[in-house]
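Shown next, in structure tokens, is the structure this report addresses.
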Amino acid sequence: MNATNLHLFVLVVPLLAALAINLLGRRSRQWIAPLVLGSLAFSVFGSVIIMARVVEYGTLRYTVGNWQPPYGIELVVDPLSALMMVLIAVVALLASFSSLKSVEQELPGREHFFFTLYMILIVGLFGLVLTGDAFNLYVLLEITSITTYGLIAMGKGRAALSSFNYIIMGSIAACFYLLGIGYIYILTGTLNMADIARILPTLNAPVATATAIAFVLVGLWIKMAFFPLHSWLPNAYSQAPTGAGTLIAPLMTKVTVYLMVRVIITMYTPALVFTHEWIARGVVWAASLAIICGSVLALGQKDLRRMLTYIIIAEVGYMVGGIFLANANGLTGSILHIVNDAFMTLCLFLVVAAIIYRQGSVSLVSLRGIFRRMPITMAAFTLGAFAMIGVPPTCGFFSKWYLILGGIDGGHWEFVVALIVSSLINAVLFFRIIELGYFGSLPDGDNQEHAIDERREAPWWMLSPLVLTAVILIVVGLSTGPLVNNVIRLMIPVGF
Amino acid sequence: MEAIIGEVVAKYNYWIYVVLMMIGFYAMIGKRNLVKKLIGMNIFQTSIILFFVSTGVKKGGGIPIVDKYKALASNIDAATIVNPLPHVLMLTAIVVGVSVTGVALAVLQRIYREYGTLEEDEILEKLQR
Amino acid sequence: MRDINEHTAGEDLIIKTSVRLMVPFIQVFGLYVIVHGHYSPGGGFQGGVILGASFILLALAFGMKASQEYMTVSVNAVFNNLGPAIFVGVGVLCTLFGGLFLDYSALDNLIPLGVVEWRSFGIFLVEVGVGVAVMSIMVLLYWNLSSGGAMDEGL
Amino acid sequence: MTPIVSIWPLAAILVSLLGALPIILSDRHPNLRESWTILIALVKLMIVASLLPWVLEGGSYVFTIAQVVPGVPIELRVDALGMIFALVASCLWLFTSIYSIGYMRALDEHAQTRYFASFAVAISATIGIAFAGNLLTLYLFYEVLSLSTYPLVTHKQNAEARTSGRKYLTYILGTSIGLVLPAMLITYSIAGTLDFTTGGILAGKASPEILALLVVLFLFGFAKAGLMPFHGWLPAAMVAPTPVSSFLHGVAVVKAGVFAIFRVIFHILGPETLQSADLGSLITYIASVTILVASLIALTQDSMKRRLAYSTIGQLAYMVLGAGMLSAIGMLGGIMHLAMHAFGKITLFFCAGAIYVASKKKNISQMDGLGRRMPITYLAFFIGSLSIIGMPPLGGFISKWNLLLGAVEGDQLVLIVVLLVSSLLNAAYFFPIVYRGFFVPATDGEEEGIKEAPLFCLIPLSVTALVSLALFFFPDTLLRLARMALGS
């Protein structure tokens, strides 16, 4: 195997595994787990090697079929995309342990369909972070979206309806993106991102450039559920099969945020995006609103999973706002938060999966006394909650640190206030659940009998990735410094 | 006035795509029937495909199929053939559109089986109960 | 709606006969489009759609069961995966012989036919893969949607 | 002297953090579990004590755990100020552990394993606060302390505990996220560092308005110090078992708040900087109001623990007051009071717990004549209250004397009055308890059968009372550390 092709294999192996699962999985279920885990383990392994190589030697460029860019399709692995590859591979691997179990319970007999889509989704995500071509990005965005539609529609109850709403919204988003790309193509005659970045500033067409940016950004915002455009997300994510939620929730919105970073940094130059101060200011205001509204809406939910989906909306506000602060700290914070939020969301959704596996529901009422029934799961939940609140040394604190610092640097006090208020609301949200789980159903009186509920911990297949994720939360938090210095700093554009 | 008309006529491809897009958009937002929404979505996509294809047009351009030996013997003036790249891109976009439509139809079938109707109002009514 | 169709579809003699006559030609045309895709107008997508259409035509005229005699569900499943597998397989094969992904010239190291010839032949292989995939998926889409996922008697 | 890079500060923190594991694992064997607790407490005390000589010589230890933010690593640094707090905390943890065994077993409390494990984590965080090398590290351990004490405060797991737990977290987390975090970030964006530096890091960098804002944010943000109006959590948290109240709400948690304020005033904002911006009086006035109001409220409380809680609020404000004087002698008094009050107050809490264990009585009005049944406990209580009031020959006198000197030196008549009046108030709310215990006869002989609490309770409270006494005669080490902490 040629070493230069390694990052392509990170993508190809899960794809082949998807085909094999579709073909062999329908004969016998036994093929599924080894294929899923084996290929993803390979991806983790490969992406870590690539990460090391990129950090050491700098950006890798790869032309598919040896057609030179700007004509050929180019894959670019710069530090940021290498980081995202590792993130996707690790999250996917951890999530798939849990998914294998919960899909076995929820969708018996349809596992091979589920995991074919699941693997193709992962391949699409890998593709998204690798590609250096604007149109390719559209195609891969749609591949991930289509597989997500399918995965969500496999859920129970209203899932199909939610999926349909998602399809409509997602398609509008993709069309907007495509339209923006169309304008860029008319302007520059190229679709290669680096080429676009080279040509765009030399053109003197501010209106057309701005239109193109607006279309592209609005498209991406719908896909990532940025606040006023978020309505599709809570239903879709909370009604998806549990196994799908553990993969989709941590990765989809985060990768879309990555795409926005990519579009702003690599395809446009920041100078072109942030030409008008009032636009950036407006977006930061919108992000602040997103944070507050997402958090407040989460307060009103009676189901843990729905609550988490609203928190995702708030977190998207964090990241978008951080980017549009248009300074180095804000951008660092956003990129860091992509990583951190993926792991935090993964942790919490794994907890949801474990609880649903055991008791079928995560409505707040059903969580009474859960600490006694599932102590390890809830310990991990507590850590995840601390990360969401932003308690050091969990990773959530450090990205929030950079984001607030960026807000102070940029004079965006509304963003700072929004971040702090949302931390406080998160504290309320999560301690409400911790309290429910810890106190259980309260009898009156002082010295009541403490009924010992039977301990019914989730199986090890679900528990071990969960515990690992909880540990990762702290490890990532403590390695923030190296992460920022060796990876993220390299991505901050000059003069930012 | 004439200037405006001139502008409209000169960029008629834009106007067509904008009009189509608005029709699709209206169907997606305004119609209560889920299949109509889906059709609206298809119109929406089609408008963008048409827009893209129209960008490849050149005045007096021929089809971009070139005889190999002729091309090798003498350089071909790119101005005489239309730009094939948008067409190729749109081929992919069409495939994407077909896939989305396929998934959407499958989802609609599930919805129909579950609620016995594809009218959004009626579905929501059933969900209320 | 379904009941009416079950009674009328495929009952008409003219339709049945014309479909029976047309299908071989359609399929040959589809193959032609696939095979010539790499150096003239055509290609895997278009040819695949035409091939798939021929099977859909069969299903429309003779019912789904009849079309499944020509291409069984399991064969379709194999085709579904075979198509992409050919595509990716060719790409991977290129990397295994020292080139980049889908860099067909590298296949010259496997069977020496000449670099230029391999460029042409490699893309042909890929087009075949695409054609197979598109054909089988078109058919599968039709089967599934027309029967509500049951894959039995459709429209 | 250049600091020594050493892993021992980290070891001091980790020993109880990792020690929580064997405690949890020996869930089924209470004796083994308690042996672990005592062992860990001893080891921790020894590690902290082993760091003392070098610190006394003016040296310091540093250890960097992780690089997180440019210019602000997660770093431990053992200096004189931290050493005082760490010594007091680790020393008293040992006593509290012994006392806990007696108390928890005598009352047959549930979930003792969780109790001891959370306690171990909390003490780790406390030592972490003491040894923090910069504000970020301090904040980190501060938050860990808040969260690890939550299960302790809500130990009873009944409705009252839930309400108190809510109140506790609302005050503590709300202020630390809502006030300290922005203040810290503003400081960082101005100074570019958060290291604790003698003389502060903001000298000449911040305008008086910003400084005033920071003072207010930090002062109220570290709500564990209980400055009014952010004191409400402390009486509420008294629902916890008495060892928790005594250690956490007499020593670790509340002192962590005061300690954090000390750090901020001495090493972040800088006394000189504050002096030049004339912000000392702001701090002292806030503290004075708290002292007087808390003492007055304490007078009205009938519940023993609540009275002690309000007394604590008042005494904490003394320490802040001392720091706010910004003069060497005043600040010295503040630091000394941190240590002296710890020994005094923990004695009082231990006594309250011992009375509860022996008689199941919580209210002062029911405690008539108990002194004759429990002479040792009441004697210790008397000593402890004398120390808090500030009478010679007890440790509390030294710190209060210094505070008073500071006020006189600064010609601050108001402060002198505050100090004297509040001492009177202290006496007024403590002496009746002792008086009732010894001189008011018990009603209806219902005290039959009440005798001293178990030995596990009795020994620690006698020892802490004796230490309070001893600190009057041998305060040299503490004074020296305190002087070094002030850089003189």
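When the chains are written out, they are named A, B, C and D in that same order, and each has its own residue count from 1.
Convention: a residue touches a chain if its C-beta (ideal position, glycine included) is under 8 Å from a C-beta of that chain, and two chains touch if they have at least 3 such contacts.
For clarity, every value in this text was computed on a predicted model and none was experimentally measured.
**Q** Within the chain touch network, how many edges lie on the shortest path between chain B and chain D?
**A** 2
**Q** Most remote chain relative to chain A, going by C-alpha centroids?
**A** Comparing chain centres, D lies farthest from chain A.
**Q** Report, in whole Å, the distance between the mean C-alpha point of chain B and the mean C-alpha point of chain C.
**A** 24
**Q** Express in whole angstrom the distance between the two chain centres, defined as the mean CA positions of chain A and chain D.
**A** That pair's centroid distance is 43 Å.
**Q** How many angstrom between the C-alpha centroids of chain C and chain A?
**A** Taking the mean C-alpha position of each chain, the two centres sit 36 Å apart.
**Q** Compute the distance, rounded to whole Å, between the mean C-alpha positions of chain A and chain B.
**A** 29
**Q** If you look at chain B, which of its residues touch at least two other chains?
**A** As it turns out, chain B has residues touching two or more other chains at 106, 110.
**Q** Which chains touch which?
**A** A-B, A-C, A-D, B-C
**Q** Going by the contact rule set out above, which residues of chain C touch chain B in the complex?
**A** Touch residues, chain C against chain B: 39-41, 45, 141, 144-145, 148-149.
**Q** Note which residues of chain A are touching chain B in the complex, please.
**A** For this pair, the touching residues of chain A are 135, 138-139, 142, 145-146, 149-150, 153, 158, 160-161, 163-164, 167-168, 171-172, 174-175, 178-179, 182, 185-186, 191.
**Q** Which part of chain B faces chain A closely enough to touch in the complex?
**A** These residues of chain B touch chain A: 25, 28, 34, 37-38, 41, 44-45, 48, 51-52, 55, 86, 89, 92-93, 96, 99-100, 103-104, 106-108, 110-111, 114, 123, 127.
**Q** Which residues of chain D touch chain A in the complex?
**A** Touching chain A: residues 65-70, 73-74, 110-111, 136, 139-140, 143-144, 147, 151, 154, 156-159, 161-162, 165-166, 169, 173-174, 177-178, 181-182, 185-186, 188-189 of chain D.
**Q** Within the complex, which stretch of chain B touches chain C?
**A** 65, 68, 91, 95, 102, 105-106, 109-110, 113
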